[in-house]
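Both of the next two complexes hold subunit A, though its partner changes from subunit B to subunit C.
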Partner chain A sequence: MTQMINAEMSASVWRVLVTPGTEVEADEPILILESMKMEIPVMSDGGRVVEIAVSQGEIVQSGQHLVTVDPS
Partner chain B sequence: MKPLAHSTVFIANRGEIANRVIQTARRLGMRTAVLHGAMDADLPYVTNADIAVPTTVVPPVAPYLDISGLVKTAIECGADAVHPGYGFLSENAEFAQAVIEAGLIWVGPSPDVIAAMGNKLHAREVAARLSVPVNGATEPASTSENALRQADELGYPVLVKAANGGGGIGMAMARSEDSLIRAYSRVQETAQRNFASPDVFIERYLDSARHVEVQIFGLPNGRVVALGERDCSVQRRNQKIAEESPAPFLTDEVRSGLVQAAVNLGESISYANAGTVEFLVDMRAGTFVFLEMNTRIQVEHPVTELVTGLDLVELQFRVSFGHDVDIADLNIEPSGHAIEARIYAEDSERFMPRPGKITRWTEPAGSGVRVDSGFTSGNEVTPFFDPLLAKLSVHGATREAALERLGEALADFVVEGPETNLPFLRRLVASPHFSSGRYDTGIVRDLQSEALSGKETA
Partner chain C sequence: MTMNRQERIDVDAKKREAAMAMGGPAKLARRAEAGELNARERIAHLFDEGTFREMGLFATSQVPADKDSTPADGKVTGTGRIDGRLASAVAYDFTVKGASSSPVSNRKMQHMKDLALRSGFPVVYFSESTGVRMPDIMGGAGMGSMSDKVRFLRGRESPWVAAVFGFSFGSAAWHAVASDFSVFRKGSVMAVSSPKLVSMATAQQVDKEELGGWRIHGAQTGLVDMVVDTDAEAVAAIRRFLSYLPSNNQVAPPTAEVPKSSGAGMVDIESFVPESPSQVYDMRKVLAQIADKDSVFELKSLYAKNLTTALVRIGGKSVGVIANNPMFKGGAIDADACDKAVNMLVMCDSYNIPLLFLVDQPGFLVGLEAERQKIAGKVINWMNALSLVTVPKVTVMLRKNYGQAFVNMGGAETAHAVAAWWTSQVSFMDPRSGTQIVYGVTPESDPEAFERGYTEMARGTSAYDIASVYGVHEVIDPADTRDFIIDALDVHHLGRTNGIGEHLLRHWPTSF
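And then the complex of A and B:
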């Protein structure tokens, strides 16, 4: 089942580490959020990244959609 | 000597510490100036300041790290002095130097002293020269082979630390040669990015140690006084959550050893102003090692103020403005027991950041209760700065009395809107781990794993 990953808290997008189409392992960081001086890696259950809905430097709100991953 | 009354201080900081400095400055008849982003316009430190300078610079943290920008703002405010608070540029020798070169008073120790102690390796060298025990190398591990050799001599587990690091950022633990090599390159990279220097060093990792620090105050005549110790062993991610003074179960022998080491260290570098010398104490062996020195006011300074009755920020101002401070006024026997708990905007299980708008804020009050807060009802807690909302500090005749007062005050503290660590703090204070006073730096990990297993069996 397609996995939709949303932001756990409001944050800024510090780094986007992969591009759509990339196969990622479970627990491999897809992007890194920064909130309150803490770096928060965003990970999936693994699969192919089909969409990255945010870009580096963007401010995201709690619950905002970040990434879609198709399990392989 | 410059009169304090009618002078203007620019506070190069924000949140609770800026508000804290304003309280004392106002009592001394000084005017206060601060800098703030648009989202912070309603924060208490902004509304309480005499002059509030707005900025639209992004990211919002940038103006607090911009040396020439801060000095320019201070001059435009007509400031006579700059107080750096903690964090940001408070331990940046270049900033202190720029303030002084602009003809302003720097409320802190001299730039030379900041530079000497800011590098952890250099600070350890100074300590080792004074026969204060240090925990590992006084030289950087310049290559990974070098790191492996040093770790082998010390014995695993070891910590890899950035020489210019601080605040729990730029350190990693390694239990084996393989993990050391990975930790070494990771910390080197973090150190380069955050502290503009790739220098790292290796120290022995102490598993069940206590983190105890000594508050010192140095006078311009070269004398340094110790104002008691603080136990800061309650930490998550190497950042403090609760602190107390005196440190429970510290023997007189270890306490006087810590005080002597801290005073010797301060006097050897002619330290003038407020400073803190941090140690790790092995309670079983009755031994200690020097960790680092902080050349600024510390977050947890209210604990010391409650047991000594001193105002450390006032002392900082008086010494920096060239006023005489009588050493007899500082030779105070601490009285009673004080505990501080830090209220963070974070969840109580994983301690993850929880920014949001504060819809309700009610502080506890009463005798022996002090609240240093950076926020109030209606304020927005943004993701751009650290999660500290307020510090709740209590004082009692005994540790038991202080604990009881803290439990009541935590029950009365209401924050609605962003999730906070108040539930965790209430659990901490009620736990036998904390109330017994026989805890070490593993206490948060132990409490959280117990809570987790309790949930699984429920």
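And then the complex of A and C:
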């Protein structure tokens, strides 16, 4: 089942680590949010990244859609 | 008519067989096919073999038409032993009129509670019920005949524990949410009333999983402490939970042998924690090293993951852990995490279980959402509870420790034994934030001015600085953490009362 990953808290997008189409392992960081001075990795259950809905430097709200991953 | 002994034995055996038949073979077979245990099988899994003594086997509905179709009146009740210790149990038998509640079955349940209170042992609920039974409880006379004066008076004299199976509405839900520990079997639905009734009452079409499924109660409401896949796992979780607790609040928790190789990972403990305070790690991996081998029993693992709570053993003793987990939300403490922490304080204080705080947090999670969720009220609720705790409290600061959350996490003389890892950094806020606020510069706007300001703001924030005013009792090598805790549990043991606290939190609400 396609995995939709949303922001767990309000944050800024500090770094985007992969591009759509990339295969990622379970618990491999896809992007890193910055909030409360913490670098908070966004991870999936593993698969192919089909969409990255945000870009570096963007401010995201809690619950906002970040990444879509198709399990491989 | 007189009967001889053999005739009496035969009559009794027949009556017993009928009472043991539950809702009949067809219903029982359907459950078995679905992979679910029935009420009597659940009881058999719970108690040590041959120790169950049933009370109320011959109870039935008092509605004449239902007398023969209500064996045990839908609730199997009695006492038995769990790892040799007594407990009473109420197993809702869903195959008998949906385990609905009637005056007789309510009397049985009340007896189990009274017994447990008077004799000082736990009550186990196997919840699965449609709610009240009609016509047994109906109309003014039905409602007016109920006696609920002390039904939900929780004084936490002895533990209540519950497993939620199948549909749990009405009292099946009440007992689960009022318990000290509740485990939820996937596929169950816990709610005030059924999806059908909700749909009728509110013209809302509701899905049962959305109304009260495992995701709702495991991750959103936090009303249950654990989610499992099978009935047998649920019963095993209850047995395990009780192994950490005393039978009642007037005795100390049981101790266990310390498994060999416990603490073996302590030499490498620093490798679990990145040096940069901005980087995350999973605190549960650190906890697994500190605790006795395989003794971590995590509670509410799907709810407020940014704060880990667990029962563990350290040096063979039961300990309640409240730990920040930087892996989630960077370890920032939000409203749900506050509720989770208070829950743990209340349980540990009520049952003489010492508390351990493992601290690595960037502060309370501030923002619009937090304020709307009453974070200010919850921070102080936590402080009120923390100040009422009388069991030993041990604090270990690992890395960063900022703001009011420093106090809530067992700082500022709120704990009895306090150590800081030599890597700790303590201040009113992250020095990087402090620099931005006090000097009005960011690393991007003016790198040099930021660096100067940062040097100023970071001054005096080390473990040795807080130790210089006796704000911590010891600065420790992280590898010594387990030994520090074992010694602290000895030194701060409540010797005058054999480990029994004052239980000032025992009347705290069961949900808040």
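Basically, the second predicted complex is superposed on the first by the 72 of 72 C-alpha atoms of A that agree within 3 Å, B and C clash if a C-alpha of one lies under 4 Å from a C-alpha of the other, contacts with A are read in each partner's own complex, and residues count from 1 in each chain.
In the analysis below, a residue touches a chain if its C-beta (ideal position, glycine included) is under 8 Å from a C-beta of that chain, and two chains touch if they have at least 3 such contacts.
Keep in mind the model is a prediction, meaning the values are calculated, not measured.
K.L.:
Based on the superposition on subunit A, does the combination of subunit B and subunit C result in a clash or a fit?
P.N.:
By the criteria stated at the top, subunit C and subunit B clash after superposition.
K.L.:
Check the residue A:Ile40 against both partner chains and state whether it touches subunit B (first), subunit C (second), both, or neither.
P.N.:
Both: A:Ile40 reaches subunit B and subunit C.
K.L.:
Please indicate which partner A:Glu8 is in contact with in the superposed arrangement: first for subunit B, second for subunit C, both, or neither.
P.N.:
both
K.L.:
Going by the overlay, flag which of 40-48, 76-84 or 274-282 in subunit C ends up clashing with subunit B.
P.N.:
274-282
K.L.:
Would you mind listing the overlap between the subunit B footprint and the subunit C footprint on subunit A?
P.N.:
Shared contact residues on subunit A: 8-10, 35-38, 40, 62.
K.L.:
Spell out the part of subunit A that touches subunit B in their complex, as residue ranges.
P.N.:
Of all residues in subunit A, those touching subunit B are 8-12, 34-38, 40, 59, 62.
K.L.:
Taking the complex as given, what residues does subunit B use to touch subunit A?
P.N.:
Listed in rising order, the residues of subunit B that touch subunit A are 59, 237, 345-346, 352-356, 382-387.
K.L.:
Which part of subunit C faces subunit A closely enough to touch in the complex?
P.N.:
277-280, 326, 328-332, 334, 362-363, 365, 367, 369, 430, 432-433
K.L.:
For subunit A, which residues count as touching subunit C in their complex?
P.N.:
8-10, 35-41, 62
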